[in-house]
Each structure stands twice: as C-alpha cells, then as structure tokens.
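Lettered A, B, C and D in written order, each chain numbered from 1.
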Amino acid sequence: MRQAASDLKAGRDELTELDRRIGDGDHGSNMDRGFTAVVAKLDDAGSPETVGQVLKLVATTLMSTVGGASGPLYGTAFLRASKVVDRATVDPACLVSLAEAATEGIVARGRAHVGEKTMIDAWQPAVEAAEQAAGSGDVLDVLRAAAEAAEAGAVATIPLVATKGRASYLGERSAGTEDPGARSTAMLLAAAVTAAEEVAG
Amino acid sequence: MRQAASDLKAGRDELTELDRRIGDGDHGSNMDRGFTAVVAKLDDAGSPETVGQVLKLVATTLMSTVGGASGPLYGTAFLRASKVVDRATVDPACLVSLAEAATEGIVARGRAHVGEKTMIDAWQPAVEAAEQAAGSGDVLDVLRAAAEAAEAGAVATIPLVATKGRASYLGERSAGTEDPGARSTAMLLAAAVTAAEEVAG
Amino acid sequence: MKKLLDDPSQAVTDSLRGFGLAHADQVSVHHEPNYVVRAGGTPPGQVAVVSGGGSGHEPLHAGFVGAGMLDAAVPGEVFTSPTPDQVLAAVQAADAGAGVLLIVKNYTGDVLNFETAAELAEAEDVETTSVLVNDDVAVEDSLYTAGRRGVAGTLFVEKVAGAAAARGDSLAQVTALAERAASAVRSMGVALTACTVPHVGKPSFDLGEDEVEIGIGIHGEPGRHRVTASGASDITRRLVDSVLDDIELAEGARVLLFVNGMGGTPASELYVVYGIARQMLVDHGAQVERSLVGSYVTSLEMQGVSVTVAVLDDELIELWDAPVRTPALTW
Amino acid sequence: MKKLLDDPSQAVTDSLRGFGLAHADQVSVHHEPNYVVRAGGTPPGQVAVVSGGGSGHEPLHAGFVGAGMLDAAVPGEVFTSPTPDQVLAAVQAADAGAGVLLIVKNYTGDVLNFETAAELAEAEDVETTSVLVNDDVAVEDSLYTAGRRGVAGTLFVEKVAGAAAARGDSLAQVTALAERAASAVRSMGVALTACTVPHVGKPSFDLGEDEVEIGIGIHGEPGRHRVTASGASDITRRLVDSVLDDIELAEGARVLLFVNGMGGTPASELYVVYGIARQMLVDHGAQVERSLVGSYVTSLEMQGVSVTVAVLDDELIELWDAPVRTPALTW
C-alpha cells in the first residue's frame, strides 16, 4: 500500500494529464489524496491482523477521501476484496478470488464492460491472467501476470472510444488517449509487484 | 473639420496607445467618435454662415458625443472660440483671439496649467506662437506657427510627470509617454494647416 | 496560474470558511466533513432538499442554501464529487423528519457517491429520494455516453424543489415536482477560455486565440466541437438552436430564459447574449415569462456562457416566483 | 480578444437593451441618449438619487437602479464618462420634485461632465447637489494628483443615499448622509490580469506570468506597483494594510467589510480573501458588523479583487440594512 501511495504520488501528474485530456483533470490528485490518506490510516492502525482488515481500511479510506467516479469504484473494489480473505497471508488461489471480487465490485457499481474505456479494461485482463498463472506459479508470478495484463489492458484503451464515465462526452475525440482509471489500475498492480518483490527479497 | 476627422481616425490607434499607457485607453475612440459625429452634423447642417456657427456646432457635438475628460474640455474650447468670431472668414488677429478663447475655456474647466502634462501643454505654446506670428504673417502663417508650437509642446510632455487627469494616478510612471490630449491637440492644429493649405491651393 | 488562494489543497475549505463567516445569518458551515446547512436548520416537519457535487461551480450549490431553496449543500474537492460519508453527514443534518430529496447532477462520480450515500442513509433510517438533473443538450443521451450532464438547469430544479418543500409538500410531491422541473429544462454552453483547477495548475484544455469551444460542460471538460469565434449573435444562435432542437416548444409556450456566466464573463456580455437569445425565442413563438441573468453555475474563472430554457406551467411559475432568501439568490 | 459582443461600438447599447428586457419589472432603459430609470419612476416627492460613469463596471450603476437605491443611472461608453446631455436627460427623468443628488466618482471626466450637466439642470430649474466618491487609497490625495479615485466604495454611498431618500429625507439630508458615507469608506484593489476594452482590442496593460498589479483603479489603468504573485494571504494583507494605514479605526469600531471581484474572479476566491481580510480586521480590534462579497464594481473581465472597509454608526447601519430591490442587490 505504501508502495502504491508513493507510485501514485509519482504518477500523479501523468494521471492528471490523461484526465485533463479526456476527463476533468482530477484523477491524479484524487488518487494521490486517497492513498496519502490510506498511508496515514495504516500508520494509525498499527498492524491489522488479516489481509482482509487491511483491505477494508483501504476501502473505507478511499471511499471517504477520493470522491469522483473513481472513489466509490476503487472503494467498492477493495471492500469486496476484503471480504474474501480473512488470513494474514495470501496464496495464489486466494489472490485470484480477491482480484475477481474486486472486479465484480467495480462492475456492480459502475455497470461498465470491457471495451468501454474504463478501469475495467485493466482489471478484467488482469483477473484472467491471474487465473491462468495461479495454476503453475507462486504469489509473485500471479501478481506479475496480473500487472502485465493490466498494463497491456491500459495501453489497449488508447484507441477506444469511451462510452462510460466523463470521457464518453467527448465521443470520437476520446480516442487516442489512455484511460486515466485504467492507467491508475496498472500503476496499483505494478506497485503490488514491487512491494511483493521487496518482501521476497 | 473634415480634415480633422479623417486625421483623428488615422491617428486613433496612436492616441489610444498613448492613453493605454498612461490613461485608460479610450482617447483615440473618444476623439474619433466625436469628430465622426461632427462631420455628420456638418453634412446635415448645410453651410452655416459664420465661422462662429460652425465652431458652436462642433462644440455641442463634441460635448454630447465624446464623454471622458476630453469631451467637456474640447467642447468648452470650441464653445468659447465660437463666441469670438461672427464672420464668414478669419484674419490673423481673429485667429489669435479664437485660440486664446479656446485655451482659456480649457483652463476654466480643467484648472490645469502648463507643465501638468495635459492638452494645455500643446494649447498654451500654440497660442503664444500664434500671437507672435500674427504681427507679420497671414492666416496660414499663423496656423502653421501654432501647429508647430503645439507639436513641440506635445513632444515636450513626454518627460513630464502628470499632476492632472487620469495619468496623475501613475505618478512617476507617467513620465516617458506623451500626453494623449496634447497629441490630439497637435493633430487637430496640423489638420487645420492641411485644410487651410488646400483652400489656399 | 494566478489565483487568490493559499494552499491549493485547502482552497475549498478556506473558501467555505469565508463563505460561512460572510453569511452567518443564512448558513452554517460544517468542516470535516465539509457541508453547509441552513442557519437554524430545516424547519421541523419540512422535507429537506439537499444537493452537492464538485466545487468550482460557485455559487452553486452552497450559495443556494437558505429559506425557499436548499437545506444543505455538499461541496466536494474542485470538480470532484463529494464522498458518500460527506453526503450522509449533510443528509442527517438536514433531515427534519419528513425525508430528504437529493438533487444529483448526472455525472458518474456524483451518481455513484450519492447512490452510496443513499444506501448509508437508509441504514440510518433516513428516508431519501433522488432526482437526476441532465439538462445539457450538448451530450447525446444514448447507449454510447454516460447520459446528458447536469449543468445550469440544476438551479431551476433546486428552486422549484425548495419552494415546494417550503410550502409543505410531502417528499413524494417534492420529488415529483423536481422530476417535472428536471424534464422541463435544457441547456447548452460555450467556453471562450478554459479554466485552471488549482491543484492542476494548468488550463483544462487549450484553445486557440480565436477559437471557442461549443458544448462544454461545467468541469472544464472540452466540448462538442470548436469553431472560430464570431461574435455574440453567431455564438448565441448555436446555443439556442441546439436547445430548440431538443426541446418541444409549442406555439405560445411560456418559458424561463436563464443566461448563465461561466465565472469569468462580464455581466455586460451576458445581457448581450440574453437580448439575442430572447429575440430568437420570441421569433420561435415562445413567451419569455421569466428571466435570470448572472453567473450562478460556473467553471472557476472560465469565460463563457450557457443558455438554459425551461418550459413553464402555472405551478412551476408559482414555485419559481415563491420567495427565496439565500446568499446568491434572493427575491 | 474574445468577447460575447457583436459590433464593439454598439456593445453598451446592446447590453443595456438586454438588461432592460431581463429586468423590465424593476427598470426602464432609455436609448439616445442612454440612461436607466426605475420602472414607474421615482415616487412623487422623493429625492432622486442618480449616479453614472463609464460602462464596464457592471452591475454598477444600472444594476442598482430600483427601490431603495438609485432612481437613475447614466452609463457612458466603456470606461468613458457619460456626456452632459445624457446626464441631464436622466436627471430630468428621475426628478420627482424634491431635487436630485448626483453621486460622482472622482475622475476628471466624470467630474467635468456631471458639473456641466448640473449647470444645465439648473438652467432647467431642477435642483441638484453632488457628492464625490473618492475611496481609493491607492492614490495619494495631494496637489500632485487629480485626487483619490472613486471605486467600489461607490456602492456603499449609493446604498446609504438611496435608503435615506426612500425614508423621505430632504435633498439636504440625503446629501449630508451621502457625504458621511463617502468619508467613511476606503478601498484598495489588485489585478491578477488586465482587461480588454472592446473597441481597443488589446489588454489595458501587460502583466508578467506571475506578476500582480497592486493599487489598480477600475478602468483597466495600471496601479501603484507590481509584485510577484504570492498567494491570497500576502495579497490580501497588502490591500488591508493600505486601507488601515489610511482610515482611523478606533478599538471596537464597527465596520462593513466588502470584498469585491473585478469581473473575472471566481466567487470561491473572493471568499478566501474575505476570510483573511476579516481576520485582519478582527486582529486590529474592529467588529465586522456587515459583509458583502461579490463582483459588484468591476473592470470588464479583469481578474482581481478590491477590499473596501466602511466605518459604521447606528444610522449608517440602519440605512445599509434598509430594504433594497434592484437587479443586482436585493434584501
């Protein structure tokens, strides 16, 4: 999470620039504000026992600090994910169901499908890649596969015409710019990989 | 007068630029609006009998169309001047008293003296030059002398610090720019010379 | 970027603080979370009308809190929807036992956050209804968009709903009238300049020296298309034509004409646009029964204008005319 | 230059036409010459309060025509004093038999044109008095200037005079109260951007990317000095300090704090400035009894703000609080 916060701070201007082009230019600061608050909350909370507790704290913090479209979407994602793990560590299978739950949460709130140029275009391929990798690899492999797929999914939003969210107002003009929410999703998963690599040593 | 109107239209941007620097940027359009109206009024009026009648028409038209500081000042100038000539043509002496009356009118309304960076800095030397030239020359000589003196007087306002009118708010910062009203006075007198030269053939 | 702000991340809070002090007779400002309620609260037993959304549209919404209009407003960060807990706090503060109508501008963020807040309120036993405002004809309302946006027409819906609540209508009645107002109103806007979100620090889009952006929203987002600037008549015609293409105006229809500045437009220009738009409506056979001209639903310092037309009937006129006493709208 | 105007030379007239149509219940607009009077005229036997000056400061003055404030307003061309015959026509239209107070902002042009108009009115047997407003502390009132300018404080003088006339005071009494209001009020302004006069087509002065101009007037004229932009607190402090240097504020003095936008400033920023200015006054021992925040005395689309402080007494408070119903100010 701390990795995510620092990556999002670093990526803030990039996200903002993407959102400036096809949205309203606040996605970078929304995410930065949210994850800065998450880090503060985690500092206060000491060390929660289960992964689920951490995810729930993240969920409620994002929900109450991000605002915008991405606030309730990421909030719901983390909330749903928090419900599927009540242990202190995760195994590959658990990671997959966590990602599945998160994605289902975003779909339930935002009613977007793949190809509508939203964060779903990063989450959905990430989930599928995680499912595939879980058969053969360890947690790090699964995370890496998910992050790579999210990265590819985000890049693949560039030519799309948005039909959900603020970018949809631009119609054809939304093509040619990457979706900011898909980019922030890719950043989050990449941060998870970095953090996991550090833990693995 | 028609010459004055066309010269002022041509000089509009110059006056505006001067006023933009040390005033509020409207002197060019104020003068242009006024003299355009004067021409229209003269067209309507047919051919007034005396110079005084023409000057009075100019005075009331300027008074009711120019606005700003320069409107009542030029208006009063032409009004006072109109009272000293009730003939169809002017001789040098008459021209001098006309210029004297105009200048007195401006001083009476605006209470400015030479050196305060106003149109008086063009009128006053013009009057003095006219007085001198009237002894030896004809009408055209008097006009030329007045116009040259006004021109020199206007240029001499450049280094002055304004103590009257809008430019006075700038204090020291008003130095370095010619006074727009002095410039428009010089333009008016130069136009009178051009017109008189044409009449003279 | 030059702005009269100190720390950009505190801009909304600093501004709300000043707003609360300047209008202490009409509103109370609450911080952490930020919301604004009527001084003295909603009269007991009266339906509370609550609205909110991203900041940067001032005086919308907080400027309309007071007798005869809103009972609470929930300002998010600049151009960012408020969070569900913030909305919940405002709803709880405004509820006077007769339920709460939420007036929500149709943006994904606002919809999702207010929806979540309504779920939370239900869990707290506060009855809520909500009405979506989507008056912006620049956006096609279709499968391919998030639907039409809520823009300046929001003021009309808030005024009508607030007046209905003030005369004692039930939550169902207030909600129905707000729906009716929302379906009677259409808007279209243009930007002459972009605006700069404080914590972004650069303009929300780039416009050429003589380009204008037609069909903008109120979040500094780019619009439908760009044209070369061409005077008030041409620009106004484009706006009014778009509105008239969308709304059905019967011959003799009575309308409200609301010309709204985007924040950086001089009042004198708004009246020029008003005169042109009014003439167009009259030529179209409409009767301009009520008018409003001013910068009420803005995009920070953006220069531009929107034209809003609402089709009126006797009841909507009565509710529009009903007394209102708020920091930004009083009659 | 992008403006919502058609022919720049007709901008004032076009705008007034729209203004008259939008507010037909409160004002009547007269063309050739341009002036604005109260719909229905000054009540018989009541002193008429008339003001005017160059256009470009909207809503000043025409927006303040109505019950409890001005009986007529005389708009000149943009930033250009109205002509004497225009003022005379307005004076004659507003006179209801009890005489006319002329409220004149202290600019050479306004002074000369209103002075001439007063002479003409005398010849027509209309009694007039006049009061000069010169609240701008940016200008030293000395032998070396045309004297302090009239800026946002004009609104205060107009409100006080209009309320005195409305309660039936004589011309001498209304004039004395207007004088008292004028001598109790001080202002200081800053520009973040310049403005562009329509028929000039380029900005009235050139400001660097992060410069602000301190001590501006309201005619797009440059100010006292330039500083590097440095946030709301620093800028507000400069303005309030200049005002406090000039005005004598006894401990516990009751004041009106009026934060005025220059036309292109978002309301949210005005409230930030208000909060800071108010704290400074409180720290100085003053009691902020009344407040006004908004863009009332503007310079076209200029971004900037002015801070006005008026020292109040019981009578001035009563007159300030008295009901007013005009297009731009209502309570």
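The criterion applied here is as follows: a contact is a pair of C-beta atoms (placed from the backbone, for glycine too) under 8 Å apart; a residue touches a chain by one contact, two chains touch by 3 or more.
The chain lineup, named per UniProt: A, B = Dihydroxyacetone kinase subunit DhaL.
What you are looking at is a predicted structure, and each value in this text was computed from that prediction instead of being measured.
When the partners of subunit A are compared with those of subunit C, no chain appears in both lists.
The minimum number of touch steps separating subunit B from subunit C is 2.
Of all the chains, the one whose CA centre sits at the greatest distance from that of subunit C is B. Rounded to whole angstrom units, the spacing between the C-alpha centres of subunit A and subunit B is 74.
Subunit A and subunit D have centres, each the mean of its CA atoms, that are 54 Å apart. With centres taken as mean Cα positions, subunit D sits 32 Å from subunit B. Chain geometry summary: the mean Cα position of subunit C and that of subunit D are 29 Å apart. Among all residues of subunit D, none touch two or more other chains. Residue positions of subunit B touching 2 or more other chains: none.
Interchain contacts (touch definition given at top) occur between A-C, B-D, C-D. By the touch criterion given at the top, residues 2-6, 11-12, 14-19, 21-23, 55-56, 58-59, 63, 192-193, 210, 212, 229, 231-233, 235-236, 259, 263-276, 278, 291-293, 295, 298, 300-301, 303, 305, 328, 330-331 of subunit D touch subunit C in their complex. Of all residues in subunit D, those touching subunit B in their complex are 9, 33, 54, 76-86, 107-109, 112-113, 115-116, 138-140, 143-146, 149, 197, 199-200, 202, 204-205, 217, 219-222.
Taken in their complex, subunit B has these residues touching subunit D: 16, 20, 23-26, 29-30, 33, 63-73, 75, 109-110, 161, 163-166, 168-171, 173.
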